[in-house]
Structures are given as C-alpha cells and as structure tokens.
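First the structure, which I've put down as structure tokens, then a few questions once you've had a look.
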Amino acid sequence: MSDTDEKLEVALFVTCLVDINRPSVGFAAVKLLEQTGCKVSVPDTQTCCGQPAFNSGDRRTTKQIATNVIKAFKGYRYVVAPSGSCAGMITKHYPELFSDDPDMLLEAQDLASRSHELISFLKDVRGFEAKDVKFEKKLTYHDSCANLREMKVVDQPRALLEGVGDLELIEAEDREACCGFGGTFCIKYSEISEEMVDRKIENLLATGADTLAAGDLGCLMNIAGRLYRKGHTMKVLHIAEILAGMGNAPGIGEGRH
Amino acid sequence: MTGREKILGRIRAQKKRGALPADQQDLIAARIAKHEHNLIPKRGQIPLKEQMDLFQLKMEVLLATVERVKEAADIPKAVQSYLAHHNLPTRIKISPSERLTDLPWSDIPTLEIVTGVGAEEDEVGMSPAFAGIAETGTLMMASGAETPSTVNFLPENHIAVLNAKDLTGSYEQAWDALRLATKDSGIPRTVNFISGPSRTADIEQRLIMGAHGPKSLHVILVGDGT
Amino acid sequence: MQVTSRKFKENSHKAMQDENLRAALGRVKQGFTTARSVAASELPEFEDLRDKARDIKDEVLENLDYYLEYFDEKVTASGGHVHWCSSAKDAREAILKICRDVDAKTVTKGKSMITEEIALNKFLASEGIEPIETDLGEYIIQLADEPPSHIIGPAVHKTKEQVTELFYEHHQQYGYTEREEDPEKLVGEARAVLRHKYVTADVGITGANFLVAETGSTVIVTNEGNGDLTQSLPKTHIVVASLEKVIPTLEDVSTVMRVLARSATGQEMSVYTTFSTGPKRDDDIDGPENFHVILLDGGRSEMIGTELQELLRCIRCGACMNHCPVYHAVGGHSYGWVYPGPIGAAINPQMVGLEEARHLPNASTFCGRCEEVCPVRIPLPKILRHWREEAFEKQIAPKPERWGIELWGFFAKRPALYRLATRAAVKLLSLMAGKKGRLKSLPFGKGWTSVRDLPAPQGATFMEQWQKKQKREG
C-alpha cells in the first residue's frame, strides 16, 4: 500500500443507482478506499452523471447535469466511481459535451483527468490487494461494456478476485457480449433486451458458478432481475462488496436475511 | 446542369469552398503519381526462398495445391501427373502465351492442348501468372492479348504457372512490377488477385468449393528464382 | 425496396420468434466473430493498418470532388464512361439507357448493395429486362423474392431446407426435378444453371468495393468468382458504385484490402480481387467491349462536412453487424431497409429519413463492440447518439419518452429536491417489496418488469445513510 503516511483526499461519485438501489456498494467502496489510506469525501450536491439524458438525446439537460458534477467535484485530488459506465461518462464524454465551450472544456478535462473507476483505481493507483478477504464461492465475473471497452478495466478485477481467499473464479463463454441493459434501452426495447440477457444468463449459468459479480450496478440489476424471474438462484453482487468482505450480505434482489 | 456539376457543386457547398486551389490539386496529383507504399506487413519481407515457402503454405491453407518444378520444360510432365492423379480429363485449355505454348507438350502426347479464351465446356484451364504475392498466397494475373482472363475463371480446374523469380512479398511490390512491365500500354483491362479456388459459404455458412470459379487451383512454381 | 424501418419493433418481434433465423444468427455470431479475431491476431500490423485505412478514407473525403474528377478522367482515358447520378432514379435511368442501347434482354449481376439501394432488379424487370443475381446468396434471395439480410451474406437467414425447396421450385425448368438436399450438390446445381446465364447475358452489372482514382479502375472482391464471370463474358460491363468508394492509388487499395477481408469473414484475402479498367483493349481476346461506371450520390454528398462524414469511410465489411448483440437477436430484415446492423442504424436515418428510421439509432445499448471492430474506426455509437439528439430536438422522439427524461432531468439538476424525491421513492419501493427484496410488477415500470423482477432498494439512500453516519461520527 502506498501513501499511508499522507491521507489522500478522494471524492466518491456514488452513482445514482448505488445511491438509490444498493447503498452497500457505496459503503464497500468507502471501506476499500479507506483501507488504501484514502480519506473519502462524498460531495452532497451530486445526483447522477447524466447518462439517462445523454443517451436519450437531451444534450441540454446533460450539459446542465455535467456542469453540476464538475462543480461538485472541483478541487479533489481524485474522483472515484464504483461504475465503469459513470466513470466512462465523466472521463470520455464530458469533454466531448463541452467541445464548443473552451472554459468548460478545460474544467471537464480537468475532472476527467482526476476521475477513475473504483476497481482500477484500487489496483493501479493504490496498489490494493485483497489478501485479507475470504469468500468461499465459485464466482463468475461479468464485464460491463463500459469497463471492457471504454475504461479497459478487464484485468484489474480479475487480479483482485484472484487474491480473495477460497474464491474460485470461473470465466463464462462470450465474455464480450452485452447483457442487454443499456440504460433506457432495456425499457424501450424490452423484448430485445430480454433476448440479450437470456443469452448472457445461459453463459453465466453454464459456468456452474454460484455467484456473479460485476463492476456496474446497471448490468447487475438487469441480470439479477432476469435470473429471479426465471427462477434461478445465483447470488449477484457488486465486486466492491466482495473485496470489502461484505459478500455474505444478501445479494442483489435477494431480500433481507 | 449536368449530374456531374450537381454532385461536385453539392460536395463543394458542404465543404464551403469552390474547386480546390491549383496548388492543392498539384499536391494531390503528386501524391497519386508517387505510388508511395503505405505500411507493408513484415511477414512477406523475407528472402526469396522463404517467400516460396510462405507462398506455398498460404496457398495450401486456402485449399490450393502447389507443386515446384526445376524449370519450365518440366511443366508438361507435371501437368500430366497432376491430371492423372486427380482423375481429370486430358484436354487443357491454355492461354495463347509463349510461356505456355512453347513448352514441350509434344513430349506428352496423351495431353490435348487447346489454345484460346475460356469456354463453358472447358474442364481444365491453364494460364501464366504475372506475379505471386507471398504475404497471403496470392496470384496476380494480368489480362492481355496472350492472357485472356476467362481462362482463370470458366474452367472447373485451374492450373497457374508462376515463375519463382516473379514472387514478391507484398501487393505493392507486385504493382511496382506490373507498372514497370506495362509502362507503355498502361494497366491491363483486368488484373485478378487470386487466393485459392472458388468457394461459397452462402448455405448455412458451410464451406463449399467451386461456387462459380474453378473448384480446384493448382500452382506450378517454376525454378528457384536464380 | 419497401422501407419498413418504422415497424422495427414489430419486425424484430416476428424475427425473434423465427427458430430458423435464430439458428442462422447463432452461426453468424459464432463463425464470423471467431474468424475475425484469429485473422486480426495473426497480423501484428493489423491495428496500424486500421489507422492507415481510416486516414486514407479521411483524406479522400476531404478532397472528394477532386478525386472523383480524377477518377472520371482516367476512366474516360481508358475508353469507359462515367455517369454521375444524383439520385436512385437517375442511376436506374442511366442503366436502362445503356441496356437499351445494346438491346439487352438479360443482365447478370454480381453482388452489389448499391443496386439494392436503387432497387434495380424490380425496375429492370418492369422494363422487360431479366436481371439474374449470380452471387449464390443473392441468387437464393432473388428466388425467394426477399431483400438481403446481411451485407456480405445476403442469405444468412435461409436454411438448407429452404434452399432445397427454392431450387426444387425454380430449377425444374432446367431439368432438375428431384429435391436436392446435399449442400454441395445444391451449389453444383446453381453453378450449372448460372454458368449458361453468364455466357448468354447481354450486360453484366457489378458493384465496386473500390474505385481507384490513379488508374480509373473499379475493384470487386468475391469468393465465388461470380463477379468475374459477370464482368468478363457479356459485351457490356456496368459498374454501379457510390461516390465514397474512390481511393487514391493501388497502394492505398492494397492497404485497405488488408483490413477488409480480415474484418469481414476473417479471411486474410478474399479469393478473388479483381481490378477492371475500361473496356477490353484492341488486341485483347476476351473482356467486355463497353465499360460504364454509374457513380451514385444518393444523399452522400450532403453528409460531407457534417457529423455523418465519418460514415462514408465504411468499406461494407459487415463486421459491425457480425459483432452486434442487437443484430444477433433481431437479424437483418428487422432494420427495414437495405443496410442492417449498426451501420444501417447509423446511415438509414440519412437515407430514408429520421422519422421513418427513428427506432434504429435507439435500439442500441451503446455496447461499443461495433466501433471496436470497425476496420476504419467509424465511431458508430457517437453517430447513433447524434441521431438521438436530432430526434429529441426535432421532437421526433415520442412524447412520453421526452417527458420522462425532462421530469427526471428536473430533479437531477436540483440536488436538494433530488434527495427528497429519491428518499421518498426508495421508501415506497422497499415498502412495496417487503422482505422479498424484489418487485414483480410496477404500475409505471412495465418496460422493466415485463422482462425481469426489479431488485428493490435496500431501504434508505446512500446519501441519507452517509449523512447520518457523518453526524454520528461528529
């Protein structure tokens, strides 16, 4: 672990889905960041990264939300999000949004340069290893498209999971295929989304794993929701929960124990 | 306004300019005239002997066959044994090229040699390649008075003769050679790059050979380039 | 062809019920994606070549007017003719005139997406000229009277059994009276039937993968050899190509060729790549006597200088659809016009209008795999998003969708209100779910719950819990 002598100030971008649906992922992220010697702040004017508007073609609203995020996270050395999708929005798309506004562009680029997806931040920037954690499960890992292609966070989660005691990682077929979430896509084109998530589930179940993890809550809610609908019992968790030693709590959609 | 003026006008309006200024036109014309090679894969940039091996390997992967002979005079005999081995007819349509017509066919009286363009009834066609490209196992066939391109396509079985000295590492080197050879006449009407025999996967993605062009391709590689 | 993009949802619903189609799409996914990745990995320079191919196309598009004039000059110098056609109608008429001039009765055709775009076959037939598709896949769908469902495998949606029936029905006139089931023999049958057509056709029409400015050559890439027979046997060869196909030099074509087949079928090189320049030379003993190039604009010039210009880099390899999870689910016909998959979703709104094609750019998860495999690096997701923005601005997107986003945006822009709203929503949802942890249905969330349960919120928002925790810890 690096920088233990000097606490590093990190702002957590909670993400709207974690905020609303699964706060435990946020607390897992805080715990992990603190374990690597960070002091975590949670700016309270954050809401969402703006993707629902961005992907619906509402550029004006997207820019307003992005402006708000840029303001809320000004001045922090690092900004970390437990989601490849939101981190991708901030690091790749915010600068695009302001390409015609030089002042905001600088601000957006500045934020982008400080922002990271959680798992890659833990591994690459903080040198984290999950050596004190045990999780006795057969686990398969789903690559969200944003982590896979936009953020290139592919090896880091695997490396960290390898370090978890008693955990067996089993890779699924067709890892590069999208799970069919796609934000508003899964609602607007639910039938196509169903077809896609079914193919994903087929490959995940074929691994024989009892637990599924990923780095994006959107995919996880989609896959977990469909698994339940089809009567399967695979446990679904955000990877941060496992790494933080919180993997034994109820999985996504599992209810209270 | 002609169609040409309309289209050019729209492109220029979109680019918010008129025709390119003369100096820019000259720059592009010079770029075209230069024939500069772009990035060429390293795999073909090897000594001729290795290029011969690479060419053969690639052709075989493409389900063509390659046979090496020492000199041109060995070709008729090689052809005869190839045809016999594959149970093919002994009538061969050959391109009216001296590279083929001057071969010692009379040594093999069982072969019936017919000269001309490819025809519907031809079962075996034979033509000389202008060049070979080791990079992907590709033949370059150039059409001309002595090299009708139909011989490459209509017969069910195609035999191509390639001189080892005409083997190059890349498409670009083959183009250089062709430009040099045709600098007075200009590019031939038809230049075919051929990489293996005809095939289709249009029925349930199953690979089936001989869709429209030849079902088999046999390359006779002549000499060792010296 | 009849545009049915408006019915994308209905089309895709129907497609997903079709078991034959599902099997076929499974083969596309398996076969093409694996082959591409092997081919790419076996050429160390592949990624650099993609950059170079992109740069070559970009340079052409910057100076397209010049390159087109250069190309025209070279075609004319080699004895051919270029017909500049603004619209599909202009192109059809130019082709008809050429056919009439040689009194054509039958026309053989190599595979050409542009002739699909201008609906040439129906037009020629209506003028009493018989068009005969010679690419096996195109021939199959011509017999079935269907449009192609994939740009490089037009009949990927057809099963062997369907081909058996089509050939049985249409080949009796040639003496094939048995139902043939062996694919190899089916191919043999088509070969024999078409062989004679090549020799007797008056005109051969091919498309073009490239137009070479340097030499005035047109280039076709095939595996079957049908395009070569189509263009070398009839007296007249007509090439139908759109204007963005022009490439400066033979060297540049060589570069782009290296990424084309690898991206398309995973071959290093297609079997036949043929460069045709003008009509036959005086002393040539075969080849066509007349050579015409139909240069189609068809809405493309208006894309120059806009966000859509990058689409004109497309070399029609099909990699984007081969790797697209939506295409894998719904197949090509669902898109409702000539170009399916991500490239279709990006270009069809320009060609048939955004109102008609509104669904196509929306039916994407932005998974990004298309851009990842595109040999000329077209930013397809970015262009799909551009269409969504245009639909939103022009109020083409349906009202409930727009209102939903605006309502959500109203809160998302006001953190304090947003906190209150999310707190309330979370309480309500977790109450509704009870101990079970998930919801089976939701009054305003049918889009979600028709397919999946909704995992219920854990109880209180993160922000709420975090603030309490901060207070506690002082």
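We just call them A, B and C in the order they show up, numbering each chain from 1.
Quick note on the criterion: contacts are C-beta pairs under 8 Å (C-beta built on N, C-alpha and C of every residue); 3 or more make two chains touch, one makes a residue touch a chain.
Remember, predicted model here, so these are calculated numbers, not experimental data.
S.K.: In graph terms, nodes being chains and edges touches, is this line, ring, star, complete or other?
M.R.: Per interface graph, the chains form a line.
S.K.: Measuring centre to centre, with centres taken as mean CA positions, what chain is farthest from subunit C?
M.R.: Looking at centroid distances, A is the chain farthest away.
S.K.: CA centre of subunit A versus CA centre of subunit C: separation in Å?
M.R.: Roughly 33 Å, centre to centre.
S.K.: Need the CA-centroid distance for the pair subunit B / subunit C, whole Å please.
M.R.: Computed value for the inter-centroid distance: 29 Å.
S.K.: Using mean C-alpha positions as chain centres, tell me how far subunit A is from subunit B in Å, no decimals.
M.R.: Inter-chain centre distance comes to 53 Å.
S.K.: Quick one: which residues in subunit A touch 2 or more of the other chains?
M.R.: Residues: none.
S.K.: So in the complex, the part of subunit C that touches subunit A is made up of which residues?
M.R.: 9, 12-13, 16, 325-326, 328-330, 362-369, 372, 385, 387-393, 397, 401-402, 405-406, 408-409, 411-413, 415, 418, 422, 425-426, 433, 435-438, 445, 447-448, 450-458, 460-463, 465-467
S.K.: Spell out the residues on subunit A that touch subunit C in their complex, using ranges where they run on.
M.R.: Spelled out, the residues of subunit A in touch with subunit C are 14, 16, 18-24, 26-27, 42, 44-48, 50, 52-59, 61, 64-65, 68, 72, 145, 149-150, 176-178, 180-197, 199, 221-222, 224-226, 228-229, 250, 252-256.
S.K.: Which positions of subunit B touch subunit C when the two form their complex?
M.R.: The touching residues are 2-4, 6-8, 10-12, 14-16, 19-20, 24-25, 28-29, 31-32, 35-39, 41-43, 58, 62, 96, 116-118, 120, 136-138, 143-145, 148-150, 152-154, 170-172, 175, 185-206, 208, 210-214.
S.K.: What residues of subunit C sit close enough to touch subunit B in their complex?
M.R.: 24, 27-28, 31, 43-45, 48-49, 52, 56, 62-70, 72, 78, 83-86, 90, 134-137, 140, 153-156, 158-160, 163, 183-184, 186-188, 190-191, 194-196, 199, 213-215, 217, 223-226, 228-229, 232-233, 243, 248-252, 254-255, 257-258, 265, 267-281, 283-287, 295, 297, 301-306
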